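What follows is a set of structures for review.
Below are two complexes that have chain A in common, paired first with chain B and then with chain C.
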Partner chain A sequence: MISLLLILLSSLFFVGIIIQTKAKIAARKMPSIFQPLSDVIRLFKKGAIYSSTTSIIFRAAPIVYFSSVLIAALFIPFGGNVGLLSFYGDFVFFAYLLAIGKFLMIIAAMDTGSGFEGMGANREALYSMLVEPAFFILAGSIALFTNNVSFQELFSNLHIVSSLSYSISVASIYVLIYIALVENSRMPVDDPKTHLELTMVHEVMVLDNSGFDLALIHIATWLKFAIYGSILANFLIKNTWSIYEQIGVYFVIQIAFAIIVGILESFKARNKMSKNPQWIIMLSAIAVVSFLTALIVAHKIILN
Partner chain B sequence: MIDLNKIAKIKNNESISLKDIAIIDYEEFSHIVIELLKQPENHCLSYFAYKSNDNLQFIMAVGDDKNHNILLLSHLLKSDEKPELESLTKEIFALHIFEREIHENFGINFIEHPWLKPVRFANNRANKEMQINDYPFYSIKSEELHEVGVGPIHAGVIEPGHFRFICNGENVLHLEIQLGWQHRGIEKLFLDKENNLQRNLLAENIAGDTAIGHTTAFAQTIEALAGKQLGKQRHIERALALELERIAIHTGDISALCTDIAYHFGSNVFGILRTAIINFMQFWSGNRFGKSLIRVGGTHLPFTEELKVELLDVLSKYEKQFEEMVYITFRLPSVQNRFDFIGIVSPEQARTIGTVGLSARMSQIERDIRVSHPNFAYQEFPYETITAERGDVFARFLLKKKEIRKSISWIRNVMENYNFDASQNEKPDYQLKLKPSSFAISLVEAWRGEVCHCAITDEAGKLKHYKIKDPSMHNWKALELSLRNVEISDFPINNKSYNLSYCGHDL
Partner chain C sequence: MQIVLIGITSFWAIQAFATSNLIEFPFIYVLGNSISLSIDKLSAFFILVINFTSLTGLIYARGYLKPYLPKKNSTEIAFHYFNFLWLHISMLLVVMIRDALAFLIAWEIMSLVSFFLVIFESEKKETVKIGLKYLIQMHIGVVFLMIAFIIAYVQTGAAFSFDGLSVYFTSYHPFPLFLLFFIGFGIKAGFIPLHSWLPHAHPAAPSHVSGVMSGVMIKMGIYGILRVLSYIHTDLFGSGLFVLIISLVSGIIGVSFAIVQHDVKKLLAYHSIENIGIIGIGIGLGIIGLSQNMPVLAVLGFGGGILHILNHSLFKSLLFYTAGSVYKQTHTRNIEQLGGLIKKMPKTALFFLLGALAISGLPPFNGFISEFLIYSGMFQSLQTADLSVDIILLLSFSGLAIIGGLAIFCFTKVFSIIFLGTGRSDKTKNVTEVEPVMIVPDFLIGFFILLIGMGSFIIVQPLMNVVAIFTDNASILSEMTPVFNKISLSSGIFISIIGIIWILRAWQQKRHQVSVNDTWGCGYTGANPALHQYTATSYADNFAHISSKLVNVKKEYRDFTSDEIFPNERSFETHSSDIIENILVTKPANKILEFLNKIAVFQTGNIQHYLLYALVFMIIIGLLTYFNWI
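On to the complex of A and B.
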């Protein structure tokens, strides 16, 4: 329960911090940290407009997307506390729950019949497909490392002691940050600020969404960020700490994660579209490194 | 060899009596034109037709960049002749746009022209039945290919233009650009307005981002027609404004290119730097784009020694930050990775389609009016052309940076070696009397490339024809070629690296 509350709370300011960081670096006046929130409230007050070429899929997609992300948030544990839902192998369920939401968004984009949206859907599908192995190899290596296959047990048994396990956690955090960026269609794969339809990935898919639906899509994005931030926090929070320390560290990590995303997006140009697949596969490669390290730690590979 | 003695020659910013432009028959005309334009030092500045009595007179101005001359050729199509001419485009492709324009306006059929499509759907076009929505797009019937249409209404606040891509997956096989949505009939307005002040204001609005370039060309054309000699200081002021415009727009372009690749740091800093320059323009002229600065026959806003101090101050601040940011941006691997080898136009292609200005210089072609047809300011303070090699987006990105530096050092040179004299202030003269039956031409190297204005007067000394050519006329073709076999997601950076004018093309 506490995990869900923390995720919901941190999702409210996460994107705000990214925007503030970017504004600060660019020497611009910062918007309020709650600017994204007021944007969403404004959207909720508006009605949605539906193109006459769309069907029920287009109307259902934002709700399914939003609820899939919300349910996924229920699986995230916090320190020693179990997430609201937890069972054997739940991280597989978690990954495909997110995939269901994304799948519906993709077919909803195709449903509009727009040339741009089809293009965006095509790209989003490709990148989601490529990022999937990275996530599973990563989760697999931690599972191997801790000998557990549910989120809760993964993290509660993750003890970073030896130098090899440090290397696993560094590689994992690196990969996880970038998986979060790909999943949330941020830089360097996608540029959420662009106004150029031809270069968009996620943004172009939601061009036709408006009002209530668009607000749900925005909230789902925040939630996804907060979920990945929580997973990161779980890597670093120790069960032995008191609950207040844990909560304090949790927010520090969430804020640090948001600032890192802001910095990553400020000092770098985005990738060339054709280099994106290569770049995403690189994440899987790093995940494989941490997988091999886990094998060594688990004595599945004996080094002489 | 062709006999060049028969051909009328003038210099930039000069006028000539219409009688002195020999009218030759079309066969000889084509022969001479093809011979001339096959030589790399010549290029066609303008080729247009106008109604002379009932006949149609054609005038072509060819720039001889080596000898700093402008050659004038003419031929006549009588009203009782069939409106049909052998196309020159199949020999000299760079003429395609001019022949298309003449075809559109006067219904002349250019036989064997490979691409005889409407240019801008002008109001006074010959075939009024054809509407802008009937544009005959090139298309390929295939299961694998798909078409993507972008515009004419764009998401950003930019001008209207339609882009039709034929794509194979993410790759563009062919791009066709259809313009004309912005047509205002501005050439006609130049004839309708009798007052030179009104025309002056029109010239400022031919293309908003080239206000100085077009207005200078206009003022010089009218002054040439009136035979008015301007003081040296006016020429230097105009060139100064021109260089400041170049610095401002190039900086803005670099900023915009950074925006398009999501490099917000560069985008913001270059954006701020651009403001410094256009704010100086405002300080000087009261308008950030330098409108109201350039007037026929003089100016209300002369450059002074006080402005010199201010400008040198602005430039030294600008230069310091600019160099710092350039050092970071142009070495950033992710920026290089994004721009390198994208949208290449080879020197052969660039020469064939007759690109001008920056779009020519990016592919090793030294085509620069400031060097080939300099006016007083550039004769007194010479400018050296710089070129880039590869003809890709990075070459254009790099060239903008280099031209900014070059312009700054040119301005510094002027500031150091020329004393502005406040007593030399010629006021604008809107009552200039134009010579009857004359032709005048003015070329200006604006930031985008050569702007060419031509004017013809009738027996009473009234304007009879006014022809404007913006560099974009030639350079849109370069953008089309850039996109061949390039990913469709790279279109925005290609488009931005040229930053061509819609309204300059549509007129």
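On to the complex of A and C.
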């Protein structure tokens, strides 16, 4: 329960921090941290325009997408506390649940019959397919290490096993940050602030959404960021700490994550579109490194 | 007739599930030997799968064959139904007979009648050619099976039947014989590189036949492999690794080929290969689990693989039936000519979407449950396994994740190109929804897809019974029940939240203006909306680019020249060819054909020449005998 509340809370300001960081670095006047929130509230007060080409799919997709992300948030544990839903292999459910939301968003973009949205849909499909193995290898390496196969146990035992676990954490955190960026269509795979439809990925998929639907899509993006931030936080928070310490560290990590994303987006150029697949496959390769590290730590590969 | 058959055999099967022992009774007497039908849990499982898919196929055929009724005479239609019935009977016999000779005969009947079913549209030359290709490959498979049975019989002298194999496997190293069986059964199942008949036969056959063939007939190959495996108890590691690697290759390559296809049924056929791969991954891991004494991996691997047999028969037949409905109404299988059909055939479209979501392994549908079982088997075994098995597991779950991602890529493509957007040619203009009798099977199948997806705990008990044939610790599956309950709960919450937000939106939109307008086109509305849409080729292009070595897509177009100021109309075509089929089948076949053509110079049609050959032959024989060479 507590993790859900924390995720909801941190999702409210996450994107705000990113845009503030970017404004600060570009020496612009900073927008309010709640600017994204007020944008969404304004969208909720608006009507909607639907394309005449679209069908029921287009209307269903934002809702399914939002619900899938919301349910995914229920699986995330916090420190020693179990997520609202938790079972053996829940991270498999988590990954496939996010995939069904994405499936619907992709076909909804194709539903508009627009060439632009086709491009976005197709790129999104390819990138999310390529990033899938990285997540599983990462989960596998932690499962190998802790012999646990649910989110809750993965993280709670990660700290107990030994201090060596931090050697796995380094590679894992690196991969996880970039998985989060790919999943949320941020730099260096996709530039949310680009102005040309031809070079967009996620933004171009939602060109035709408006009003309530667009608001849902925005909130889902915040939630996704907050979910990945929480997973990162779980790597570092020890459940022996008091609950206040845990919550304090949690928010520090979330804010730090948001600032890192802002800094990355300010200083990094976007990848060339055709280089993206290679770049994403690299994440799987790094995940394999963490798997091998786990093998070494578990004394299955003996080094001397 | 067929209904009666379904009734009787289903009753036997359910009885076999209910009682603990084998049901066995004499069937026919051949040359004084009685051949009995025996139904254990594995047979019972397959009987139920066969019966359900044959039933839906039969209902679907009533509607699908209607346009053919005026074109074909009644004998041809009757012959078609006769073959369909016999396909059903022979598949049932295959899973019930243990005697090797009778088994091979039933197997042969199955291949033969399915050949006749495939060449239903025999007025097309291409169809007959494909049918022959299918028949020849099936016979190559039978040869391997025969050799395998004979080797076991000659070496041991035990009964010429499946049961006789157990004697062989206890006294000899099982891998060589298993390999023979695997090739024989694998041709039927369509493992890569033995798959090359599959992507041709399925598009050529009528849709109810493709549904049954892909849904259950190729599973007979899996049945054979499972049946043989149930007699092997020693030295399993090699066989398991072999099955696993072949399956991973089949899964990844199958779905990669599927992505670049334009023919919807060919695409689905490649997906059958992919799903056979997933089944094989489960079985392969199960065998490795057995050999390494890792009961969790063994039980969940076999459980996932066997459940996926059922699941695949459901969603694949659903996809073939709905794709057949589209073909019937539009007369084309080329998805590049389709588009926007969801408005004209809403029910077919939604059922196709259901099948697409299920085959991509997404919750809350049935495909997810079987993949979940395989995944949890792997993740739970990671720590207990030794290094080599860990690396095998790493490869398997990343392979499975890639397969899942590629399946999503492929089905977003095929669904959106066929059903969404604007129609791409005139063929989509006057399309209407198909008649109700063709929707009925979709409802039946859809019900089971949701039942297994949402209420997965009900399958634990039957699945445990089947898995118990292979391992002693099948009760591990019952530990999955609370997990399944949680999955059902999560799916339930998921669906109710969708419902709640839907109502919220309806309430919100009632108070605000909702209007309908054109799709955003950068402010330009002059163009024909059908023209600047994404096509199947453009959707698959970036994937085809990164996997160009494998999928081998060729583009045919004319480039612009400098003197061409006002471009004329031009065409652009892409073709993909199956690189494995080229190397393994087409090239050797062409070589043989070339050689035979050269030999054909001897066939002059001149009687004097033939007499000369006879004379030369006699002289050679005479010389050989004289020098004692033979």
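One rule holds in what follows: the second predicted complex is superposed on the first by the 298 of 304 C-alpha atoms of A that agree within 3 Å, B and C clash if a C-alpha of one lies under 4 Å from a C-alpha of the other, contacts with A are read in each partner's own complex, and residues count from 1 in each chain.
Heads up, the rule we're going with is that a contact is a pair of C-beta atoms (placed from the backbone, for glycine too) under 8 Å apart; a residue touches a chain by one contact, two chains touch by 3 or more.
Everything numeric here is computed off the predicted structure, so don't read it as measured data.
When the shared chain is aligned, no partner comes close enough to touch A:K224: not chain B, not chain C. When the two structures are aligned on the shared chain, A:M119 is found in touch with chain B and with chain C.
By the document's definition of touching, of the two partners only chain B reaches A:P188; chain C does not. Chain A is touched at more residues by one of its partners, and among chain B and chain C that partner is C.
Once the two complexes are overlaid on the shared chain, A:H202 sits clear of chain B and of chain C alike. By the touch criterion stated above, A:R270 is placed in contact with chain B alone, chain C being left untouched. When the two structures are aligned on the shared chain, A:R28 is found in touch with chain B, with no touch to chain C. Using the contact criterion defined above for the overlaid structures, shared-chain residue A:S68 touches chain C, although it does not reach chain B.
Contacts of chain A with chain B, set against its contacts with chain C after fitting on chain A, overlap at residues 115-116, 119, 197, 274. Note for the complex: chain B touches chain A at residues 146-150, 155-156, 170, 258, 260-265, 267-269, 272, 332, 334-335, 337-338, 342, 487-492. Interface residues of chain A, counted against chain C in their complex, comprise 44-57, 60, 63-64, 66-68, 70-71, 74, 85-90, 92-93, 96-97, 99-100, 102-103, 106-107, 110-116, 118-119, 121-123, 125-126, 128-130, 132-133, 135-137, 139-140, 143-147, 149, 197, 207-208, 211-213, 216, 274, 277, 284, 288, 291, 295, 298, 300-301. Across the complex, chain C meets chain A through its residues 339-340, 342-343, 346, 353, 357, 360-363, 368, 371-372, 375-376, 378-380, 382-384, 386-387, 390, 393-394, 397-398, 400-402, 404-406, 408-409, 411-413, 415-417, 420-422, 480, 482-483, 486-487, 489-490, 493-494, 497-498, 501-502, 505, 508-509, 512-522, 529-530, 532-534, 538-539, 541-543, 545-546. Chain A contributes residues 22, 25-28, 115-116, 119, 187-188, 191, 193-199, 265-275 to its touches with chain B in the complex.
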